[in-house]
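Chains here go by letter, A, B, C and D, matching the order in which they are written, and residues are numbered from 1 within each.
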Amino acid sequence: MNVTVWNEFYEEKKFPSVSSVYPDGLHVVLEQALAEHLGPEADTRVALQEEPEHGLSEAVLEATDVLLWWSHLKDDEVGDEVVERVKRRVLDGMGLLILHSAIGSKIAKALLGTSGQMTGWRHGDSELLWTILPGHEIVSGVPNPVVIPAGEMYGEPLDIPAPDELVFISSYQGGEVLRSGCGFHRGRGRIFFFAPGHEESPIYFQPEIRRILANAVRWAAPPAQPQPRSARQGEYPKNWWVQA
Amino acid sequence: MNVTVWNEFYEEKKFPSVSSVYPDGLHVVLEQALAEHLGPEADTRVALQEEPEHGLSEAVLEATDVLLWWSHLKDDEVGDEVVERVKRRVLDGMGLLILHSAIGSKIAKALLGTSGQMTGWRHGDSELLWTILPGHEIVSGVPNPVVIPAGEMYGEPLDIPAPDELVFISSYQGGEVLRSGCGFHRGRGRIFFFAPGHEESPIYFQPEIRRILANAVRWAAPPAQPQPRSARQGEYPKNWWVQA
Amino acid sequence: MNVTVWNEFYEEKKFPSVSSVYPDGLHVVLEQALAEHLGPEADTRVALQEEPEHGLSEAVLEATDVLLWWSHLKDDEVGDEVVERVKRRVLDGMGLLILHSAIGSKIAKALLGTSGQMTGWRHGDSELLWTILPGHEIVSGVPNPVVIPAGEMYGEPLDIPAPDELVFISSYQGGEVLRSGCGFHRGRGRIFFFAPGHEESPIYFQPEIRRILANAVRWAAPPAQPQPRSARQGEYPKNWWVQA
Amino acid sequence: MNVTVWNEFYEEKKFPSVSSVYPDGLHVVLEQALAEHLGPEADTRVALQEEPEHGLSEAVLEATDVLLWWSHLKDDEVGDEVVERVKRRVLDGMGLLILHSAIGSKIAKALLGTSGQMTGWRHGDSELLWTILPGHEIVSGVPNPVVIPAGEMYGEPLDIPAPDELVFISSYQGGEVLRSGCGFHRGRGRIFFFAPGHEESPIYFQPEIRRILANAVRWAAPPAQPQPRSARQGEYPKNWWVQA
């Protein structure tokens, strides 16, 4: 399984409040988390916004089974062709993890069709991540609830489609709630939005969170033998399958 | 529109902590709430567990468009034939509101197929009722969030099917969450589970809650001209619709 | 209720096979169908692609509760600002009916996030429209199945998200199937994709189809008192609702 | 993975039209189909209605990860305690495949809450099984459509809840359609209803059907480390997770 971890990689270089938590970038910690749980099962590489084509050439995407996406302040500088390319690849079968603030990213909005806008937000809240589907593979080996000492509150209504699989709901110190773990089936691909991941807190170092991310990568990966597309996408005669 | 409010009507006569809030029974206050918002739009009657056939004869159910159901400690004494009768009527098009602890009732378990068991419960918590579907008719005229000063916490995972329409999620003082407003389509009928309604607190006197209940009754009511059943439920020849 | 019927209005002027069925344009027949069933309940106007801003200024959209959209060969000439404007308005609460080939339109792709591509298509097939949700308001007064003598086959898989409400599934003369009546909740708005409507056949003259369209407009219309947006979309302090 | 194939095993002994197709019983062919595709991955056993406790003791169910269920004419003779036992086990995490006419069985009705009644049925129709979710693991290596030369038509509306994952829709020679491959999440378990399997046709000998059954068993199997239940199912104090 080939996994690509994509990161905006801006705040880690700009703000002490972030670099103190992720001195080498969020992507390095995400990569370590997957290596820890998936080991040889996954071959993981990194792609950064600063690279040519943001590190997401056709070739890279073609060779990627699951893409993790973390973006925030610089998302508006992501090129539209790259967004379109990633979208096409997801609809063609690539898995996508939309992490934290990336729910408001161009790629999330392009694939979900909604604004991704939440009803208010606030830094520093502790968060409780409650399991809704206790038999789901994404919660395999994960306690209920997961306690996140400090993160970021996003409030409902959050403008997303009703998820095909609602895995987690969070509550925050202020009493707000969020559908914080949402699985979507789109085209031949799968998308998992996972809300925890505020850049000023060591959330991606937390064992339960790392386990969830690894489980989500497995869930989002395409099946062994994806169904081939129909030979005929254009107008075709009656009973073509009998002739085929 | 004919509405029947069904109540176990036991705790109001047995426990001072309940009779002090609902001296004449929960059903009276529910009836007033609907009259307040629906007026002549709804003709509302009451049915009680203590009545013959629990007040739910074939004739009563046949004449009911939407049934509200509140039960708790005496639900195990509800007759199985009545449960089966109500289930058949819901699948045939009657709307059903499952109120508070009735999520664990025989009728809720029979219609949803799950246990209705929650992960722990606790009395007295304040609750925040958050809107998930802001364009839904059930939240028409309802603020976000609705604040309930004191009620009862039910924790997730709650064993219910994923709702067809997730309208509300609640958080409680202790940090727990719940899918507290859930719409289900079953057969030709609609079911709405609404969690608030702990009998020791004046929740059904609260204006926003009364509005939600009235909206839910409108949502659950059958359409003007329900589609007739197919003339033939048994084996039938090819192209019967052409002949019909 | 204010309804706007939007039409590309190109093929009716260009191809005899279409002008012979809809000499004055599809939009006129759609308008008549709604007037027939909704009467004074709806104030219906027409907007055409050839008009300035395609007839969809901010003012027109602001005054529209439900928009019907029929487009096909000229959809690629619809301006992106207008598409974005319609999308925003739907997420803000306007209902949208996506008719026939418009499932592949810019606006459908923008709101659903998928390609809208079907697996093959073919002209002239007879179609059977089967009801899946017999208690749904959109099938009120509609027989099962509806027989369409001649239309256009679209094959599955059709690249759309799983609908929030699957109302109809069609079969075609060649044996193909399609999720042909699909309700979606997006933001504060509702979207209904209805597949029948091939321009070379008098499908919008068919009584059952006209009834379905009118029912769908009622279903897609916003509620009487949509929930106001939270006063605070930005960062806000804990327990703001208590202060509010 | 431990799989149990349960069969009513009545028609194969009673009717030549069935014994000529499945002389040793449907269960033997189902067992072979799984062995063929799952090999050592699954340890498969058989249980029959004629056995004590219908072959489904607490011990057998406890040791079963996925149960296949085929029943028809004798389903009304299945003991209620066994039905209740199977239901509890599914809600506790066991996968269940509901095969063909078993959609009308006691266990299907108990777990889904609906009647399982279809709108008419007819023997002998050819069937086309169309894929709706082309990226789903259940269609891995399966062509679209699958052609079934002869089987049994079931018509919509079929009284089941909207599936959590709609994988297949079938069309029949007569023009009817059916949601013929439906995934449901219930409690900690997964249920897959698969319509093909009429006992008078060699459908379970068909390579594509055998592949689908094996894929469905994998899909329905519980995850490696199911989430433990909360230690406390009763009333518990605030912030118990902090203390735990």
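The definition used in the following text is that a contact is a pair of C-beta atoms (placed from the backbone, for glycine too) under 8 Å apart; a residue touches a chain by one contact, two chains touch by 3 or more.
Chain by chain, the UniProt names read as follows: A, B, C, D = ThuA domain-containing protein.
All of these numbers come straight from a predicted model, not from anything done at the bench.
S.K.: Touching chain A and chain C alike: which chains?
M.R.: Under the touch definition, chain A and chain C have B, D as mutual neighbours.
S.K.: Name, by label, each chain that touches both members of the pair chain A and chain D.
M.R.: Correct list: B, C.
S.K.: Which chain is most remote from chain A in terms of Cα centres?
M.R.: So the farthest one, by centre of C-alpha atoms, is B.
S.K.: What whole-Å value do you get for the distance between chain B and chain C if each is reduced to the mean of its CA atoms?
M.R.: 32
S.K.: With chain centres taken as the means of their Cα atoms, state the distance from chain C to chain D in Å.
M.R.: 36
S.K.: Return the residues of chain A touching two or more other chains; collapse runs of consecutive numbers into ranges.
M.R.: Answer for chain A, listing residues that touch two or more other chains: 119, 128, 131, 133-134, 144-145, 155, 162, 164-165, 175, 185, 187, 229-230, 241.
S.K.: Could you pull out which chain A residues touch chain D in their complex?
M.R.: It comes out as residues 93, 128, 131, 133-137, 139-145, 147, 164-165, 185, 187-190, 222-230, 241-242.
S.K.: Contact residues on chain D for chain C in the complex?
M.R.: 119, 128, 130-134, 144-145, 155-157, 162, 165-166, 169-171, 175-177, 179
S.K.: Please output the residues of chain B touching chain D within their complex, sorted ascending.
M.R.: Touch list, chain B to chain D: 87, 91, 110-115, 117, 119-123, 125, 155, 159, 161-162, 164, 173-175, 184-187, 229-230, 232-241.
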